[in-house]
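Each of the two complexes below includes subunit A, the first together with subunit B, the second together with subunit C.
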Partner chain A sequence: MTNDMKKGILIGTYFILTIVPLIMGLGYSLLYSFGMAGLMNNGFTFEHWQKLLANSELFITIGYSIYITLFSLFFILTFALLFSWWLVLKKNNYVFNLLFLPLAFPPLIAAFSWYYILSPAGIISRIVYYFGMTTDISDFPRLVNDDYSVGIILTHIFLIFPLFTILFIQQAKKERMYSLKEISFTLGSTKNQFFLKVFMPLLLKKTAPLILLYAIFLIGAYEVPLLLGQSSPRMITVFISDKMTRFNLQDIPQGHAMAVTYSVLIIGITTLFIRKIKTV
Partner chain B sequence: MIKKSLYPILAIVLVLPMIVMFYLSLVSHWSFPKIFDVSISWSLWAEMFSGNSNILQSALLSLFLSTIIASTATFFGFFVSQQLSDRNLFLKLSYFPYLIAPVVFGAMLQFYFTLIGLSGSVWGVLLAQILFVFPYSVLLFSTFWNERIRQTAFQSMTLGANTWQVFLTVLLPMSKPWLFLCFVQCFLISWYEYGITQLIGVGKVETLPIKTMLFIKEANPHLAALSACIMVFPIVLFLIVNRQLFLKREIIG
Partner chain C sequence: MKNIFYYLVLIILIISCSSHQEKTEISNNSWEQVSEIAKGETVNLMMWKGDPLINKYMSDYVVPELQKQYGVTLNIIEGQGNSIVSLLMTEIETNKQKSEVDMVWINGETFYQLRQINSLYGPFVERLPNSQYVNWENPFIAYDFQQAVEGYECPWGNVQMAFIYNSDKVQNQPMNLNELEIWVKAHPGKFTIGNEFTGMTLLKSWLIYLAGGKDSLSGKFDVEKYLKYSTQLWEYLNRIKPYFWNNGKSFPSSIAQMHQLFANGELWFTMSNNDGEVDNKMIQGIFPESSRAYVPETGTIQNSHYLGIVSHSANKEAAMVICNFLISPEAQFKKMQPSVWGDHTILSISKLPVGWQQKFKEIPGRKYTPERADIQDKALMEPAPEYMIRTFDDFRKEVMEK
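For the complex of A and B:
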């Protein structure tokens, strides 16, 4: 076998395992959403897309997913910046070592654990009751399956903020932040000025591709909203899996239409920023 | 002052989920408002190790799947990324299947798996997981094939080494840490995977995450916690030994 043949086989395998399934999946969903594939198909129709757009579920689902993503990211980055600012000059701080722990947690297990910490029958509620701050299980506020998705956002923070804290600390050391701080102070800047005008912008700019990547991961989060979210509104992924796996066959085309919308959105964002995305 | 009081709070937040998980696997009749006044026993753990519960079977199935998937993805990822190292556009295509949520990817592909009779089978889940673990492996190795590696290989060839010699005596020793890293990362992605396994396995392929979710849906937090412990504890031990490996998994992109 010549080198060119080997090369051809390897690149062919690559396409068969990466792009071909994606095109096939997307193609099938597209056909299904236009009534041209699947059990209930009656030929080409816009009906399923019209249904999806008419009951505003599409916009609510996308809007809700964006809300979860933005709020999660905002708190993740805020906490990560603050703790990295405090921890960057500490050597062998016990908290720094503990930051690695959530990296071993899959979203499913994190959601499960946080459910039993935050729910009205959970650990915090029991402690609060023990100290007499509540008198009944119903006195404790709903923090899971709640209107503002507090449980989902908190679990996302637990899962991702430690990673960004560690990365910010590493990046700050790489950028010789300590020397920059000394220079800034010599030139008369205050701690707050240095944090807001040097530390924060520099780290956010250097890790921007990774932040974008995590925004994409968060918008496609599944297990955490599945366990800690409400039945409505739902994240995009939960919406799609609900529509496609429930018994109502009439809903399946809408699930496929949403899958197409989501995939095109992700492919669009990735294509737009693909040059910026690289390993940090 | 605020800073110093925040450290213990943060430490509790980071450790609490693990403690809760372990605690739930030991207690029974955990009704509100009991916190500590509950019976603690190792009965669920003992039952599992005596072979009466099928959590260990799920763990073995997960281990089998993750090992095969990680080995395959690492092997092909290494050679494919070498071929793509000068084809940046082709390489970037790996991002698409990797960034689309596995559950959506699985939902779009479910029809084809049913068509070829792989839906609900272990081999179906294996193939489905490879479809998004493999792009990750290619992306990870793309950072290995830098100019220095290529120049070293080229110099070895100009000094008379053949392709096999270059591979065995130059590239393989240089890539050993990367191969290990890639294997571990791919193993972890597969070990923790829920969405695509649920859709393609249609609940019949009971890996550890599927089993855990099953217990959660049955409102059996104690068995769910036990299953979660089996899933997470070995990984935490590994993390303590080599924490940098975990960091690398999270920052690939």
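For the complex of A and C:
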């Protein structure tokens, strides 16, 4: 087998496993949203798109999903940078090994765990009650299903911040950060200056593609916002799932239209990012 | 690349346009022949498996009895409502000839959806020998969401919605909407409504009450009536919503979540579509010992749950044998015991042989919920399915998002 043949087989396999299902899924949703596929449709129509676009919840849902993604990422990256900075300085292998523990949690289990920790009947509330700091279950502040999505953001931090910490530590080693630090200190730089001007920008730049991937993962999160979020607003995936699986079968095409909107949004962000990388 | 994309879209179009369902011919075999064909077959039943007592009834009693008496193997798969509809829709859209599922446990909402997509086999119920004992004279059994069952689903059990409350905390249960408003305002955070089937059933009960009670919303969907009375309902709910659990900012998305909030003391009220559930949950040790059930004077919806056979099932005969067993006096008697399931029978006791009549009369009474006879006069019929669809959509728009 020649190298060209091997290359062809590899590309073909990749195409069949990734591109084809993506195009088929997106194509099917597109047809469904225009009334051209599906049991409940009767032919080409703009009706489902008109209904979706006339619904203010579409924009609230997208805005809310972006809010959750940006806030989660901000805290994840901040904690991961600070923690990796501390571990790089301390070279603490014991703590480093502990970082792998949260990675074993599937999102649904993590969401349940945080629910039992943060809910008014949860572990923290019980401890606080035991020490007489609250007198009733309703005295405990609401941290799940709450206005600011504290529970969702905390669960995302718990699930993803260790991964970025590990990644930053490995990247720091690769970039010989310890040596860079010694040199910059010798040249009179302070810790803060080194962190802000070298450590942070270098690691964020080197891991930018992965950060984008996790942004896509977070914007499409389902289990965590389903369990820990409010009934309204909803994340995009919860919105789509509700439209596709609730009582009104006539809503299914709107669910598909939303799925197309979501896919276009993600493809758009990714394309912009790739272009930016190419131009840098 | 461009060409490949166009071809793929074309293929999908062809597949989607060619999806159709062949009409199932109803077998003319005698019941003896049906039973003979069923022997040795395996039937997949998709049902909700969220209750340990129901699961125990199925696995410890139904499955072995079916094998012993009829040589039929029953395989139970987890799934309910929307997952059943999604699965069967996908199968029909892809023109699948033999379904993964032969039988489904459904209620009115799913029946309405499955009938819309023609995925139920029938009529078959009149062919079951035990259907002679079914209480077809009872409109709560013969009609499902105002639709005649017409032999497309076999009644299995009958339930009425009930409020469940913690009697240690709630001394005087609110009996109407005014009393509930006063109670909710006096006890902020202790009451809520689920944004799911049971919650919507409660809202429909209130809609019927506001419209004048009992038969006020009977018949086909009346948009004028709906708009008039739902407006009153949304006004009422928005007035008391700030005093709901979590200040009315979120609503439980499942009845299991409601029960959990009730069990851990966050809520002092929960509700159930099964009037016998409080006994059932207390036997399991899930609810506090002070839990009690009641039906307010505003009335609650009573409905039945059913078994359907999938139109493209390859094991219809065996599925019919199972349905026949599940509506037999022995299986219904066992199911009605509060310690087994506590599900009310769909059989007419007076139609049963004398020996069985006596046995049914001797079933131990409920401990923590009123007897069915005492709440029957407060039973409301399910209105047409469109009321459910509109209520569910508008509850989100008019209450949750405001």
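Annotations
We take it that the second predicted complex is superposed on the first by the 248 of 280 C-alpha atoms of A that agree within 3 Å, B and C clash if a C-alpha of one lies under 4 Å from a C-alpha of the other, contacts with A are read in each partner's own complex, and residues count from 1 in each chain.
Criterion: a residue touches a chain if its C-beta (ideal position, glycine included) is under 8 Å from a C-beta of that chain, and two chains touch if they have at least 3 such contacts.
Note that the structure is predicted; figures quoted are calculated from it, not measured.
In the superposition on chain A, the chain among subunit B and subunit C reaching more residues of subunit A is B. Of the two partner chains placed by the overlay, subunit B and subunit C both lie in contact with A:121.
When the two complexes are overlaid on their common chain A, residue A:171 makes contact with neither subunit B nor subunit C.
Shared-chain residue A:84: touches no atom of subunit B or subunit C.
In the superposed model, A:244 lies in contact with both subunit B and subunit C.
Once the two complexes are overlaid on the shared chain, A:28 sits against subunit B and subunit C alike.
In the overlay built on the shared chain, the residue A:254 is in contact with neither subunit B nor subunit C. Touch criterion met: A:36 reaches subunit C, while subunit B stays clear of it.
In the superposition on chain A, A:142 makes contact with subunit C only, not with subunit B. Looking at the shared chain after the overlay, A:230 reaches subunit C, while subunit B stays out of its contact range.
Subunit A residues in contact with subunit B (one complex) as well as with subunit C (other complex) are 24, 28, 37-38, 121, 137, 244-245. By the touch criterion given at the top, residues 3, 6-7, 10-11, 13-18, 20-21, 24, 32-35, 76, 79-80, 83-84, 87, 90, 92-97, 99-105, 107-112, 130-131, 134-135, 138-139, 143, 163, 191-192, 194-195, 199, 209, 212-213, 216, 221, 224-225, 228, 231-232, 235-236, 238-239, 243, 246-247, 249-253 of subunit B touch subunit A in their complex. For subunit C in complex with subunit A, the residues that touch the partner chain are 5, 8-9, 12-13, 16-17, 19, 82-83, 85-86, 89, 92-93, 109, 113, 116-117, 188-189, 195, 200, 246, 249-251, 253, 261, 264-266, 385, 388-389, 392-393, 396, 400-401.
Across the interface of their complex, subunit B is touched by residues 3, 7, 10-11, 13-14, 17-19, 21-22, 24-26, 28-29, 37-38, 83, 86, 93-95, 98-110, 112-114, 116-117, 121, 123, 125-127, 129-130, 137, 158, 162-163, 166-167, 209-210, 213, 216-217, 220-223, 227, 236-237, 240-241, 244-245, 255-256, 259, 262-263, 266-267, 270, 274, 277-280 of subunit A.
Touching subunit C in their complex are the following residues of subunit A: 20, 23-24, 27-28, 31, 36-40, 57, 119-121, 137-138, 142, 145-147, 226, 229-232, 244-249.
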